[in-house]
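Input: structures, listed below.
There are two complexes below, and they share chain A, which is joined by chain B in the first and by chain C in the second.
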Partner chain A sequence: MSYVLPGDVLTPPAPPPKSLKLGPGLLMLHTPGNPVIAHRPGVLHSTPKQQHWIETESRRYIPASQESVIGVIAYRAADAYRVDIGSAHLATLDALSFEGATKRNRPNLKVGNLVYARVSLANRDMDPELECFDATTRKADGFGELKDGFMVECSLGTCRRLLDSKHFLLPSLAQKFPFEVAVGMNGRVWLRAGSVKATVAISRAIGMLDDRQTSDDEVAAFVQLMDV
Partner chain B sequence: MSDILLPGQPLPLPPRAPLPLPGPGTYKRGATLRSSLLGLPTISSTASVRAPASPPPVPQQGSIVLGKITHLSPTAATLAILVVDGLSLPATDEFVGVIRSQDVRSTEKDRIRIGECFRGGDVVRAQVLSLGDARSYYLSTARNELGVVFATSEAGATMQPVSWQEMRCPRTGQLEKRKCAKPEGI
Partner chain C sequence: MTDLPTLKLDLGELSRADGSARLASGSTIALASVTGPIDVRSGWEKPEEAFLEVNVRPLEGIAGTQARAIMQTLKSALTPSLLLGRAPRSLIQLTLQSLSPSSLLPNYAQPRISLSSKAAMMNAATAAFLDAGSVSMRGVVCACVVGMRDGVLVLDPTEKEETGTFGFMFQGSEPGELVWAEWAGEEADWEKVASEARTGAEIVRDFFRAQFERAAGLGDEDEDEEMVEHEL
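So, the complex of A and B:
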């Protein structure tokens, strides 16, 4: 675990492995020597299987293809919705990009509704596009409108940690009360619990996890002491 | 430079000669022939005035233009027209062209994904379909010799066309999808 800055050249482990898998934040330059450089600041992580990546704390979402995000409908254009996903441009969600949608039968989303969608197109020359079904099966699989509930915003790193099934927070909260949660890769988490008290408790716990000043142990202790 | 006539200036005619017929670029006012343009006179049996520089080219229906892609949307690609029929436009002229998704290619017109045909900054050869609307000309690349002529890869190198649908970056070897123009001589 070491902290790197953009431009830092990384030395491969000795003896040099047969193949390197470079994840987010790392680039191999096509100049003589093929150096591997970091292009983001953050902590360098490596696994024994030669997977390397940089964990960066960031709050601004940059759309990437096949990521699941939570969007807010900004307005309705003809046959499509314009959705705010926290990126530089509004994304387009076609009105027929839902499971079982036809010209006569399509979901009626209003401005301000929340949707859980998958980024289907993200390149630097065009506005991002979203779809509300799984790419291969074309079934909803959890995508679609998120009814009721409450949305909190956090950093991108916190969302990645919440999506890890081995992370402690969501299972420890589930032992206290039942709730539903959807985590978007764009720094947004939607939750729905039985009571207002439970909803506030979860959002406070996520806020504490997001806060760089509190440690994971303090968050775990807070969850244990919760009285809901 | 002193031969250049200003609009309204009388033509320099020999003093006791019969008045020539007024030709293009001239008009008759009273008994004198005057120039109506800024240009050089040609005096014979007919007098005419021609502007010294050739007029800048303007796209017409059927012209072949070269343009640079400035904006992409799911339904159209917008480009800034740089060259018309082999003549480059002066820097002050800005003509805008639009390639609608149904005019990108001649087959499977309804299943086009614009991001797989053009990218921002690509130089494209297209044909003018019509004078279009107030904002832009309507262009088409639906022929073999029309399409992307020059594009830069994500690694920053100039790409070479491999087929009518793909271009290859010489530095990384990666293929990127574009609607390529058929190079001359192939």
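So, the complex of A and C:
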């Protein structure tokens, strides 16, 4: 693991492998030698299977296919909703992209409602598109409207850490009180707990985790001291 | 040869911007903030790339002709390092402000912005882009101010000693490519001055690498935040 700046060249191992899988932050140039360069600053990660990517600390979401995101309904057009997912453009969510939806039986989402959706289409030239089900099974799979609850915003890196099952924060909070949480890859976390106090406690803990100045140990200590 | 003034970098102080950087080079301080890619208004929308909006604000007074000229400088120096084609139909906003006053008198009632402020702004802009992490880049642009003191080229001139500013784009370990130059002097001295300025800009680039490495939790643990002065 090393830190790279944009323009840094990734030197492939010798002998060069048959294929390289380049993830976020890396580009292969079509100049002689086909060098691989970083186009984002961050920590370079590599696996023995030749998967390489850069973990960048950032707050602005850039849509990528298959990522789960939390969106806010911005307005409804005839057969689709336009959803704010924090990217440069509003995403489109077809009104029928929900489990069991037919022309006569559709979910009735209002402006301001929250949804947990998967990005089904994301490329730089088009507005992103969302789905609230698994396209192959047509089951909700956890996607759909997020009723009640509270949404907090954090950095993209914090969301990735919260989605890691080995991360300490959510399990340690769960030992204190029950709650539901949905983490979007777009820097948004939705939570629903039994009381306002618990909701505030969780959002404070996430805010502390997000803060660059506080260490993980301080956050863990804060959770331990919680009296909810 | 001389050292650069002591460099100090503070990141992420502006909570509403995607990225921000406050860079001090000695007593010259510049603040930069970057937001984007975000929604763009239809008059500025470009089908194949992002629109880069640069705003320059002086410390005193309102932005006038000089601020606009510096805006053009920064836009032309930074654009080569940005991969704007990766975010079509969007807006990237860069705002710069000088935080240190000029020591010279105002020119035609407009506040002055020194060459070293200009260089600090160029460096702060790069650091703000790196702090934001949301704009794809093909290199990092670093700037260096030069001056003459008793007939000797120096990289830490006072405002009266300033003779020029240079900006270089660094890609990996390649030598920096010149992206901005303004300088008053003898033509015969050009190569030498540009080369010394490039070395100064490299020091800024190395400083940025160390600072960002440390912020990411990698790299050496330094006791103080300020860069140790390098001798050329």
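Keep in mind that, in the parts below, the second predicted complex is superposed on the first by the 219 of 228 C-alpha atoms of A that agree within 3 Å, B and C clash if a C-alpha of one lies under 4 Å from a C-alpha of the other, contacts with A are read in each partner's own complex, and residues count from 1 in each chain.
Operating definition for what follows: a residue touches a chain if its C-beta (ideal position, glycine included) is under 8 Å from a C-beta of that chain, and two chains touch if they have at least 3 such contacts.
As the structure is a prediction and not an experimental result, all values here were calculated from the model.
Visitor: Based on the superposition on chain A, does the combination of chain B and chain C result in a clash or a fit?
Guide: fit
Visitor: Put simply, what angle do chain B and chain C open at chain A, by C-alpha centres, to the nearest 10°?
Guide: The three centres form an angle at chain A of 70 degrees.
Visitor: Just to be sure I read the superposition right, which of the two partners does A:176 touch: chain B = first, chain C = second, or both, or neither?
Guide: Neither partner.
Visitor: I'd like to know which partner A:39 touches here: chain B for first, chain C for second, both or neither.
Guide: After superposing on A, A:39 lies in contact with chain C but is clear of chain B.
Visitor: With both complexes superposed on chain A, which partner does A:192 reach: first (chain B), second (chain C), both or neither?
Guide: Once the two structures are laid over each other on A, A:192 reaches no partner at all.
Visitor: Quick check for you: in the superposed arrangement, does A:129 touch first (chain B), second (chain C), both or neither?
Guide: first
Visitor: Should A:76 be classified as contacting the first partner (chain B), the second (chain C), both, or neither?
Guide: A:76: touches no partner chain.
Visitor: Residues of chain A touched: more by chain B or chain C?
Guide: After superposition, C is the partner touching more of chain A.
Visitor: Of the partners chain B and chain C, which touch A:121 in the superposed model: first, second, both, neither?
Guide: Touch partner of A:121: chain B, not chain C.
Visitor: I'd like to know which partner A:7 touches here: chain B for first, chain C for second, both or neither.
Guide: second
Visitor: Compute the least Cα distance separating chain B from chain C in the superposition and give it as a whole number of Å.
Guide: Minimum over all C-alpha pairs: 7 Å.
Visitor: Pick out the shared contact residues on chain A: the ones touching chain B in one complex and chain C in the other.
Guide: Shared contact residues on chain A (touching chain B in one complex, chain C in the other): 124-125.
Visitor: Spell out the residues on chain B that touch chain A in their complex, using ranges where they run on.
Guide: Chain B reaches chain A through residues 69, 72-74, 113-115, 119-120, 155, 171-172.
Visitor: Where on chain A is chain C touching in the complex?
Guide: Checking each residue of chain A against chain C gives 1-3, 5-9, 37, 39-43, 56-60, 62, 87-89, 124-125, 212.
Visitor: Within their complex, state which residues of chain C touch chain A.
Guide: 12, 18-19, 35-40, 81, 83, 86-91, 130, 132-134, 136-140, 169-174, 205, 208-209, 212-213, 215-216, 218-219
Visitor: For chain A, which residues count as touching chain B in their complex?
Guide: Touching chain B: residues 30, 92, 121, 123-127, 129 of chain A.
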